[in-house]
Amino acid sequence: MLSIEDLRIDFATDRGWVNVLNGVSFDVGKNEIVVLVGESGSGKTVTSLSVLGLVPRAHSRKTSGHIWYDGKDLTELPIGELRDIRGNEISMIFQEPMTSLNPAFTVGDQIAEAYRRHRGGKKKAALARAAEMLDLVGIPNAGARVRDYPHEFSGGMRQRAMIAMALICEPRLLIADEPTTALDVTVQAQIVELLIRLRDETGCGILFITHDLGVVAELADKVVVMYAGEVVETSLARDLYIQPKHPYTEGLLSAMPQQGVRGQELPTIPGRTPEPWSMPSGCRFSPRCSHAVEECGKAAIPLRVLDDGRACRCCRSGDLALGGVR
Amino acid sequence: MPRPKEPAVRRKRAGRFAQLARRFAGNKPAVAGGILLFVILVVTMGAPLFAPYTPEQINIADRLSGPTPAHWLGTDALGRDTLSRLLFGGQISLAASALSVAIATLIGLPLGILAGYVGRGPDWLLNRASDILMTFPALVLTIAIIAVVGPGLTTAMISLGIVYSARLFRVIRSATLVVRQEVYIEASISIGTANHTILWRRILPNVLPTLLIQVSFLLASALLAEVTISLLGLGALPPTASWGSMLGQAFAEIRGTPSLAVFPGIAIALATLSFNLVGDGLRDSFGRATRKAEG
Amino acid sequence: SGKPGDLNPGSTSTAAGQPAQNVACPPTDKGAIDKNATFTWMYSVANTSFDPDKVTTSNSWMYLFPVYDTLTRLNANGEPEAMLAKKWEVGDGGKTLTLDLIENWKYHDGTPFDAKSVKANLDRHRAKGSFNEQALSDVKKVDVSGDSTVKITTGHGAAPLISILASSAGMMMSPAVFDDPKQANMPTGGSGAFKVTGYDPATKVEYTAVKDYWDPDALNVAKMIFLISSSDNARLNAVMTGQADATFLRSAMYQPAKDGGLVVCQKPSLASFTIALNTTHAPFDKKEAREALNYAIDRKSINQLMQGFCQPGIQMFPTSYYASDPDLTAEKYPYDPAKARELLKAAGVPSGFEFTLETDNLESYTSVAELIQANLQQAGIKMKIQPVELPKLMENFSVNKTADAVMVQQKADADPSIQIAAFYLKNGFSNPGNYTNAKVVELDAEAKAAQSKEERAAVYKKLFQEAYADAAPPVTLCHLNTPLAMNAKVQGVEVYVDGSRQFRGVAIKK
Amino acid sequence: MLRLLGTRLLTMVPLLLVVSFLIYGLIALVPGGPETALAGSNPTPEKLAMVREQLGLNEPFLVQYWNWFTAAVQGDLGNSFVNGQSVWSAIAGGFPVTLSLVALTLLIAAVLGLGLGLAAALRPGSWIDRTATIIASLFMSLPYFWVGMMLVLVFAIDLRILPAIGYVSFAQSPTDWFLHLITPAFALAIVPVAVVARQTRAAVTGVMTEDYVRTAEAKGLRPIRLVGKHVLKNAAVPVVTAFGVEANRLIGATVVMEQLFALPGVGKLTYFSVFSRDFPMVQGILLITAILIMFVNLAVDLSYGYFNPKIKAT
Amino acid sequence: MSDRLVEVRDVSVVFHKKALFKKTRSVEAVKSVSFGIDRGETLGLVGESGSGKSTTGRAVLKLVPVASGDITVGGQNLTDLNGRALRKARRRMQMVFQDPYSSLDPSATVAASISEPLMVHDHVSARAARARALELIELVGLRASHADRYPYEFSGGQRQRIAIARAIALNPDFIVCDEAVSALDVSTQNQVINLLERLRTEFDLAYLFIAHDLAIVRHISHRVAVMYLGRIVESGPAERVYNEPAHPYTQALLSAIPNPSPHRRADRRIVLAGEVPDPARPPSGCPFRTRCAFAMDICAERMPEHTAINGGGEVACHLQTSGPELSGAPLGDLTAAAIRRA
């Protein structure tokens, strides 16, 4: 349904143009939940924003790649047509439920707005529909609460409202950028359940972004691992956990605190993620990689498709046997 | 045992301010403003060196001459050299603005920090006091005060400084409130640092950017206020020249010798512009530094 | 032209660099005037009341003249003329004045104008608390001797009264409204050619002509509007754009007004720039010190600064006025810093002295002060300039008597005796140091009792010689000549030597 | 909302009390009084004493204040020392003029300032932005009376298309009202235009980076609606604040401006009264402007509640 | 052999929100909380956002006014300490904050930040303070050359190390770590945790470790306390609490931990209904009853008592004393069905 192909994006900064996405490729199928994981700054948000053309145009440029949707390249689509897709066929929810809703308008108004934009109709009807949606995402007394302002909602409720807004036009694809990161574990669990339920009910595809591999396991059909602006591994969720193909994935998995043993040091990945303006040559992970060989630092490593439909950006993917979760 | 060299001491000074300076330097209008301000300061403070005449030297025979080789910017109604008066007048005008801003700072900064940091009673009281001061239009109040105390630039600028102190107080207070909420303040408290040390070492340096920005804007306002007050004949006492009194005198002649109003006008505009540009530059530089600090 | 380049350097000015001192305004052309027109005048200060007894400054007279006719009238040259009094006679050895009044005239409220009402007015004017109390202080009693004859008896002499009755002290108001406080804002009991039909204090007064005015020749417009703005530029702008018909000019505006195509006319006036001294403040108590001041000031350059509109002079009134000594010209005190220094030695202050000059905070005053400051510096006298607003100025000098010296524009009063009393007599308002000179006092009394103008002129000549001999304060700098500017349609405006602003007979061309 | 209004009005009462006391004290404790000016050109000490008596200047200060305050509460601000006119009616007479001038100035500031600020904010870094920024910086730097003078010289004297002075009431002729006020209003507006433009630019660029704008964009909203609805309402608070501050400053600036344009407003009255030591008038003007500014501040504060419902809640 | 360092007894914290012309709103953010920490021990404090964890941590250090209760650290009762005496007492106890970006003064160099406690308490010379700061910088795994840089030049993990260096500068006995690693990426987080553990053993430190990430708490804590709406609802040895939770809330919390293994996708998850109630208007009786699957009538009436649990620790739940009477047995012994029948 959605296919990102070799996407490269640069940003203008104090230090000139820096590359923040480098060869990002993956697909999202119908009814499929694809999870994008990676540490902070790895380019997850930029990837998701670029799907809907929301990357700030003034300071960014695409140097290559396509985002195919319905046979159209979203990156080349006229802005007017893209706006017709936004919130309608593809919609998005964001990480910060506290700031993603406009404090100056009621929640109902903001949900209804999306509906009226794409479906038209009277404000009243749209508000009724908004109330229905709030009810659907599990907000009690939805009919009354459409008139509340965002600050009268708790964090979890706001995120539900965001989901209601995203789903009101029955999109085919929902992009959720770390929708649970700012929430409590108990609420996070609620939201994850909700998304899975909605996927089952509406059949929309979901691109879910997180840095928490624990959450990934809860809902992913397919996982895309990003590091320093690159996709380093794509895999079915089950396979990834059993046998990661990229050393970075392995590192991430073993670093999960759930994997720790009391009384022993927690496993870590040495060093830190590189800054976009000082990317190492060759494999970007090689300076931190315990399996690195001389070859790794030489030339850029392509994202290689492996036999079982997985893909991995590691020149040693063939000869390394990496460990998954226990 | 030889002491280890400590190049670090110098770095310390350089560090944050070097960063700031770099940002400032990258901001063309700000640099232009800074250079302009520097030039204005040099020529006015060095007026005795640069001025071709003394500012009070009257030559009635040569009155209201346009620009001539002897008088580059012409002469006024008493035949005094406009250029010399501009240079010396600049000293007065700039010093007057500086005086009122200094008074505003002297009152507004400590009280603002106090109100913001201590809160409660003092905050309430000081806020009401500033409310009261802010209920008067600055110019009207200044004129009324002058009517009571008598004219003179010093009086005018002191009363203006008091009016401005309410504005500065507000800004500093809210900046302090923001800084006070910062976790690093709580960190200092948790360490056991005494209140005065926190005020001095933690709060003050962090409201300093706000202060600097405000000061540059206030200087611009004060300069214009000086001009207005002197225009009304309430400012610099004759024969002292200030840009405002020069403009006031030029207004009397504006129909006959319009050029007389042009040069002080330009001087005022340039000085104000330089303050504003520097203020903007500072705001942008500090702004970005803070944003960066926030992640 | 008044262009500065034309002026010779130094102090010997030539006629070429100066504007003509005497340019008459366009006269009335009876055949071509529009009787329904409105004349708009623009002035700098507002009136304080419409009641001649409640005004607080003679500046307000201008606003009262259209409403209240006076018993006598001073024409543009300062000579007494008939007005409500057809004729008059000084009698009883100069002690009484008998007035013969016009008949068949009514106050605006319908009260007939008669001798009884004149007596009522005069008695009200000289009552305690009236603005005119001082001017009429010599009046002992007022008698009605017939329907239209009034006899005024004075203590020292009636001669000054003839002029005084041309001022607010001679304005006639309907006795029916004497006690009506509303008259201050909306006079209804006037006796003049106009009624006030609109009043916006400090901004605008609108006058409408009354029907059947007793002197139809003196009434040529249907309306007059007086606008008020203290901004010189605003006034000139208003006339140049046609929003007002006429205004007065400060010297700096003379050339722009001419260049702007306005009609400009002028005449030397009795008003002067003077420095009044507090003689209790040393060394102003010393004649030599006062003389030194006179020598140390370059009056010609002040005139230059004023673009030729302030003729140097050293006595209270210009030599063209009858109450003056024609020999006391500015040459008597040439600019001579060296001489001044010598005189200072004689005064016991060989190294000069310091004093503060207080003056109005208007630009036209302070620049003169700055010039004087520079002059005095040459003679070793350090003068500080303290600009203050006018009420404060009077308070510091005349009431609290704290000021060393003040520089003011001295307006002409209704009669020379008033100004003489203010400066030369004990307890005079402008004489905080109580400067006295026995001969001057004696001559002043003599002048008041003089029977004729010629006789008075001779006494005043002696008086001013005495004043000169003693270098009596004030230090007169120059006599002002304030031009009027108007558009080409205005006719019949006159410049009054006493500086008063009257628009009797003003007309607008069709 | 009403409740908020009520409480805010209540808090104004003590403030007003203190302000009125300060105003009265400031003016009444002036060394030396106005009597000299009023006693005529040759006053005797008796006459001065009489005037003092008449003006009630011999009472103890607190009694004077109390008399003044109680009368003021009942709408009587006393009478002018100079011309006996009722202070209230003098101020009421000048108010429409000054209010017209300030309103027109703010209107110009709103139209030009918002326009300039928005144009700059929507294309940050573009030539429009740079031009707008330069214009704003220049406008901030010019003395407004100087600009006013220059405008008169050009439009009234040289081109003869606008009147140089005076005021015509709106009721009398809206066109003339506008023509008479446009020059001073424009001159007065240069600083507010600059301030509003800068504030708008800053606020809008700030809001444009907010997450909820991205949310709105992700809904597919078109720019007009995006800016017109989501951005403007949120950017309004600092802009409205700027308006409040400028309104306050303008009241001061009218003192000079009304002078230059012979406008019969409160500003001219202020100038005239201060210099003629017309104390009741000065006190009345200060009191009324203080109240006016309090209401402006109140209006600004109340508007915050509309623009930001969260503020209303707290 | 218990070596009690910190003793907190019935501590309550109340915040007042004052508003002119409005009723003062009071929030009892911490309600009669008691716990103890031994020397060298880590007590984990978990709970949802707003449950009062941070406030508890601050109360222990007397950074917020304590409404009632007693706090003793190292035998010194802090309850009535004020001003200078309190400042002096602070040298034994330090805090590490959640947000590494705001807990360091952006206008002070790293060395200056780290030397602050030294200058304040030991009144050492600037030079000596600096020397010690350099030592500390290396101790937490940074380079001495970093000493004169400003915080914005560091990553989150590095800043947190600096904050830790500052906290241990005076060799305190006790550190409150308020979400000290929550803002960090997983691998950085582990580095910091390892550092904290190393320092603890090296200097015999005691931690009050506040976090909402239960997996980390489990790894680092000896004992764990679970907070809900200002109260500690369950506490005990980490192993016991995690393996045999005795409070329904603890149980729900634990079941909400995302499970990294795709083989065991959560089917035994207890998704809590609703949200945490407004702390200003807590429910009557047991605060958790509005979301509790086992809620009984009595839960609305009375606040349950703290009861000792088999395997160590305490729990405050009516299930222990009323209804099915678990009497110290873990909750796992009970099913919802069983409750409903009872």
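Going by the order they are written in, the chains are A, B, C, D and E; count residues from 1 in each one.
We adopt the following convention: a contact is a pair of C-beta atoms (placed from the backbone, for glycine too) under 8 Å apart; a residue touches a chain by one contact, two chains touch by 3 or more.
Since this is a predicted model, take the numbers as computed values, not measurements.
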item	value
Fewest hops from subunit A to subunit B - one hop per pair of touching chains	2
Pair sharing more residue contacts (C-beta pairs) when B-E is set against C-D	C-D
For subunit D paired with subunit E, centre-to-centre distance based on mean C-alpha positions, whole Å	54
Centre-of-Cα separation between subunit D and subunit B, whole angstrom	24
Cα-centroid distance, subunit A relative to subunit E, in whole angstrom	31
Cα-centroid distance, subunit C relative to subunit E, in whole angstrom	90
Junction residues of subunit D, two or more chains touched	149, 271, 274-275, 277
Touching two or more other chains - residues of subunit C	233, 389, 392
Touching two or more other chains - residues of subunit A	none
Residues of subunit C touching subunit B in the complex	4-5, 7-10, 232-233, 236, 250, 252-253, 255-257, 301, 304-305, 361-364, 366-367, 369-371, 373-374, 384-389, 392
Residue ranges of subunit D touching subunit B (in the complex, touch as defined)	15, 18-19, 22, 26-27, 29-30, 133-134, 137-138, 140-143, 145-146, 149, 153, 248-249, 251-253, 255-256, 270-271, 274-275, 277, 282, 285-286, 289-290, 293-294, 297
Interfacial residue positions of subunit D with respect to subunit C in the complex	32, 34, 36-44, 47-48, 50, 80, 82-85, 90, 93, 149, 152, 156-157, 160, 163-166, 259-262, 264, 268-269, 271-272, 274-277
Residue ranges of subunit C in contact with subunit D within the complex	46-49, 54, 56-58, 129, 131, 133-134, 181, 184-185, 200-204, 227-231, 233-235, 237-238, 240-241, 243, 260, 389-392, 394-395, 398-400, 413, 418, 421-422, 427-429
For the subunit A and subunit E complex, residues of the former touching the latter	39-40, 140, 154-157, 184-190, 192-193, 211-215, 217-218, 237-238, 241-242, 251-253, 255-260, 262, 265-269, 272-273, 325-326
